[in-house]
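Report on the structure given below.
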């Protein structure tokens, strides 16, 4: 099995390096095909490993030492257990599809080869992240995906907005990474190791306050990667990257790393339910908060990004409440349909010459039938309509909240579900239904390459059927995660809840259709203060710019110009100048006049005599 | 009694003479006062029984030194009134006064010591000159010889500096011009 | 093999003297060969080094002034070994890739002398010998900055010289005091570090001596607020000067902390740990912010050096194996990375004769290879895992976390602010449209430059991925220093702060000893 | 009636006079040769002087040998005192003189070297300094001092240009004042103790337990003023820069070394017992003098525009630095003084000799003194070796290891440290840092600036000749490899100093 | 007061010395300056003779003797210098001695 593990892990790296060889040359098709093929190999290996671990076995290898000093010992260790196998499946499936899709999507881009190099590198980092058997290894992947995300968001580096977004993403993530790093330090100094098994085993002996601190710091790390409030702004801006990147990184895989971390560290979070509850609350808040911003946004990709954010919130609710497997399940299902949604959006963008405003589209269902169907499917799944994947995973989270007696959370999530349905279908309606408004803007849409659609189809399929694997999955994953089944025991309540939710969601969908089938600009609504707040993303980016970035820039300038130059350095120069200036001022004493020289000598004599007189008088007085 | 009168008299005279030397605007007055002061000083030597010293004082100072100065003065033509800019007089007098005052304060105290023993005691009944000669040519023979060398040096210096050798500076003349000067010099000498 | 250190130190100097005879057309080849031989010798040293021994190896000792205890005492351990190798490596690639330089002969000879002093500093185990090389290293650097530098070069070089010189004179007084105390204790004068290590001083003596040494070291490092010579020196120095300054010369200060301050004054180290940590944190955050405000690319990197040196200092004063080993490793890491970054700035400066970031933009499309290598180095500088700097930064911060949580949290801001200025600079230079006409035709890195950059890149990644070959010897030697500190510590606090490795690692051994 | 005195020749110990007699004889020989046949080439006189100095050196080495066997020797009614200090002092004087005298073999002709009187006076001067250090009799010290000084005034003036006369007159006048101070100080000591021999003075004072402290202080004040003048301690330093500037570079270098070491030896004899007498005043006043001299001289050196003047201030500062040894007063410090001075002598003479070989007779346009900094701008282009050597001397003077003066500095600071003078040690160290600036200034000019004077005339090395180059080379080698000589030198010095009771 | 002791002479000597100092500081004519230096040495001679007298010791007289010798030689050299200077500058005023400064 170790061989499969290594294949699964290093195939993406090989693909990346292969593509990197061509990175300076113009488009080479093979630079896209080889990484895709290698990813497929990686997928197959992951599948083998999945089958293997479903039998209850795990694979654990230690490749070599990374760092060892003092008591610290960090190996390159890899662990494939049920949790990581799930993640590996998600990562490899989505990434393989995105790769193949990208061959078409990036067809005309001059940096085609570079794109694949980075994309595969990302997959490699992600694999390290999920497969590592210790926190340090996780951190490697953690930073690695951050790097690739940076490079891919800023892929079109000539665009100011893209590079700005890339840097923003990187820096925001770094803020969170600091928390994670502190968490790791705490773990090391309290347990003496960073290996998952040893840490978790030792955790029960650690003071609970410290465990809480560890939990909080690790979660801060998770907040950055998973773009939780208040570090969420980068995700929407990250949509500056190519759409396949959004699909892979900013929907399916990297952003869920935070959830994965919490799930992975479940023995820690089990000890500290209060922190878990906080996570859940924050998750619920973010779910609703992000959904609300998606309601009014007029940027197709941003809407989907907010939706991702919102769904991440759901996952954190589940993870925070201890329903780790539920979180992971939603993570998986979400990966499929969200990636699908993004890829569909990519098709639309292609058709519309990278136009992102859905108000400029409409009626595309005629020209882009395949895309229309797949995006609708994905939206339905996202909205959580039976029997698609979203129903099984998302409703389960609602149930978890309900069963754990967190009714407020439940209500928030329920409302969010409605909002989700609304904005998803607002988007679908605006893009695919109604008048063909794009004609006014002179677009000539066309369907995407066929093989792109075919590449997307497995995702569509999974979006539809993933729910069916719920029990198999449950069986498998609970071998490492706490086995809690979440059932509403009262069947009446259960049915009322389920059907009620479904109805509520459908109502929202219908409302969205009614309102946006004919897309007319609602001036009155736009005047509304609530709308303005939502439109401006609660003014948070504004706030960050005004009260963090600008002061930072300003402070930096002050530090340099005013403090470093005018205080610190000037002090040094002043010390030197004091001597020099004293010299210049007093050199006049040596005026070349013999008389003053002689006087100076007498001055010296008299001064010494004066001292002598004082001293001898003092001595006489003391003696007398 | 006699000693006291003599002391105060000559003290007053020397102080006055030296004061004139220092303060006078006429170089000639200064010189005369200096010479007078030096002779008065020899009086102290005689009072104190240092006859030899007194004689030397008169011979060397009033005879040799003052003669030299007189010649110098004629050479420099400084017999006329001196135009000196003695501006910061307060400082000068202040410093001089302070130095005197403080030294006097300390020096006026009596010396308390039981350990003073004359290394070369003045023997009763022996003439001062003889005693001095005895010490000078035993104990102080070396300093005496060195002083002789010093006088030789002074003589050489005086001759070299004031003589013709300094007239043309080889330091300031480029090397290729020097032979000409040498020739000119030879001519002038012959 | 016995006198390899002597050969390492004086071979370049002798070669430098002989170099005066070499014709200036051939001097480059001469310089390269000498530096290559020197590098090969340093590799021989490495090969001959036994990584399992924690103490000094290749010791040489010749009494110079016996009655005053000054001797020619050399030796390396894991801490100094790699800095020596790095010094010879950088000199080699520095000479090999020297661009068009006026008076190249002088330059190469100066570099060879500089190499002598650099290696001498790290190989000396006698305080005075150390001081000799320490001071002597100023002279070639002064000349390099002053003769081949930018418009403000004289100001910069003199400032560099005087500032460091002043600091080290205070240090000299400290050394003399140390020797005096040794003489008081044992009756003989000695400047041998190994002898000094055995001396346990009362705490108040330690505090004063620590302060005296601190002046010399802190200015060299340079620590805030003594850092202002550095931006000038870097800003004005020619590329090769900046590279060597950043890569090797700055390490003298941090190395000296590990070699002198910690083992000689364990209690004072504990006493001053927090103030120094505060300074280190100011260095980290403040200079990072200053770096962010810079307009000159080289100044960004210069200030970033200060910021990184803050982390090294912090790691050193963690006073445990993790922190010290990490900081020593970070010395290597920072040497490689900042050396490479300065070299990269030199590459662009050679082409455009400006280092102002606003003059560039969009270079990623014009010079893709350059952008790639620069990007790798930026990421290494930012401390991304699997690059060389991460290992050191991680261990340093990890180590210091044991001593203070809050301080480490603040110091950890390094990874944020570091990313901010580095990415901002990278963005300004490489991203965006090519706006300047003269930038459109810039040639990418050429073979000669590649010769320097490829090895550096490889090392930056290799040691990030597999630091063991270096980290292990460092770690071994660090352990002996930490143990020494623990044994010497007098105050209770120091005993607690500095871990006792014997207890932890081989309880059985000590218990058997007690049984005897 | 006086009794006749019977003195055996052995008890006179006439041999103690040999080191002084040799130069005197040499001087007389030179004068006689000139008398017999004038117009001989200067090289003859140089070599003769060198030969006599060599003999002098030999006799001193002999004395060093004798001293190590028999200890201190007294001679001639105890007027001559040959102890360790005297031997080291004379050795330094003679060796420095040997380094100096070949500097007159310049390729250009200068006034003083064309006359044999110069060499005769030079040798007389050396004899004067030797007498000064080889006695503890205040009279002989005074006479020796004046013998040397009078010769020196003339040597300066013999350079024969306006500035040198000005220098000589200034030096002479201030010297006369200093002589007055000396005699007044000696008079008070005599009044106090009835003796003019330092040994007895100290014995009497110690027996009285310094009860007449006022007198002691006045005496010390005047003596300090007098030796402060010789050692150019601030505020008695004012002559130094002007005299150095006025005299030839070679002589300036000589003056910065030899008269001072003679004065140091006497100062050590005079003040050491007082330093150990716990008179706080003396410690304070010396402390102040030392610190003032070091610091102010450094500060003034910073702003000089002429290298020779800069070096003048620098030598003041060095003297202050070394004066600290007398303040500290331990054997270690006193040994360090001599070590420092030996090392300093080589570097400083080397530096002045470098100026000397660069001395041109006619100043080019824009040049207003002999050796302005601008003259050396860009020297590394035209004469890299010369620049390197000059740079080396500057670095050595700045106290950069491992060059000569550093070891002296180190010993000096070490003795301050072990003498308990912590603050003084720090001040000394920091002063070295200030000093580094002006030494560096010359290096900056030589190595980092473009030439300033646009002239086709050679202005560098115009005065160089083989002997000069050899002297400079010798000084260079000594400066670079001084570390090898420090240990034996120190051993030698410490033995001599310690056995003399200092 | 009437009994003349050593202190009287010392005080006298001091006063004369101070007058000499005054002259040295005040005089701007080189020749006059030299006069002042003579006063300094002479004042000391009185004290030496007095001490010698009161202690019954000859060393003081010796010292005074040598001081006189020294003073005489100084005059010779000093006048030599003055003569040269006067030949060059035509003046023995201190104001002419100002070419070096700073």
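By letter and in written order, the chains are A, B, C, D and E; residue numbering begins at 1 in each of them.
Please note the rule applied: contacts are C-beta pairs under 8 Å (C-beta built on N, C-alpha and C of every residue); 3 or more make two chains touch, one makes a residue touch a chain.
Just so it is clear, the model here is predicted, and its values are computed rather than measured.
Both chain C and chain D are touched by A. Common neighbours of chain A and chain E, listed by label, are B, D. More inter-chain C-beta contacts link the pair D-E than the other of A-D and D-E. Relative to the centroid of all protein Cα atoms, the closest per-chain Cα centroid is that of C. Remark: chain A and chain B have CA centroids separated by 99 Å (rounded to whole angstrom). With centres defined as mean CA coordinates, chain C is found 69 Å away from chain B. Chain A and chain C have Cα centroids separated by 36 Å. Centroids of chain B and chain E (each the mean of its C-alpha atoms) stand 6 Å apart. For chain E, residues touching at least two other chains, in rising order: 6, 10, 17, 20-21, 24-25, 27-28, 33-34, 43, 55, 57, 59, 62, 66, 69-70, 73-74, 77, 80-82, 84, 97, 99-102. Multi-chain contact residues of chain B (touching two or more other chains): 91-92, 95-96, 99, 103, 105-107, 109, 111, 116, 118-119, 131, 139-140, 143, 147, 150, 153-154, 157, 160-161, 166.
Contact with two or more other chains is made by residues 162 of chain C. Chains touching one another form the pairs A-B, A-C, A-D, A-E, B-D, B-E, C-D, D-E.
For chain C in complex with chain A, the touching residues are 159, 162-163, 224-229, 286, 289-290, 292-294, 320-322, 325-326, 362, 364-365, 368-369, 372, 379, 384-386, 390-391, 394-395, 397-398, 401-402, 405, 408-409, 412-413, 415-416, 419-420, 423-424, 427, 430-433, 465-468, 471-472, 474-475, 478-479, 504. Contacts from chain A toward chain D in the complex involve residues 576, 579-580, 582-584, 586-587, 590, 592, 594, 596-598, 600-601, 603-605, 607-609, 611-613, 615-616, 619-620. Chain D contributes residues 1-2, 5, 7, 17, 24, 31, 76-77, 79-80, 108-112, 114-115, 117, 120-121, 124, 127-128, 131, 137, 139-140, 143-144, 146-147, 150-151, 153-154, 157-161, 164, 188, 191-195, 197, 200, 203-204, 207-208, 211-212, 214-215, 217-218, 248, 361-362 to its touches with chain B in the complex.
Residues of chain C touching chain D in their complex: 64-68, 106, 128, 131-132, 135-136, 138-139, 142-143, 146-147, 153-154, 157-158, 161-162, 165-166, 169-170, 172-173, 176-177, 179-180, 183.
Every residue of chain A that touches chain E in the complex is listed here, in rising order: 587-588, 590-595, 598-599, 602.
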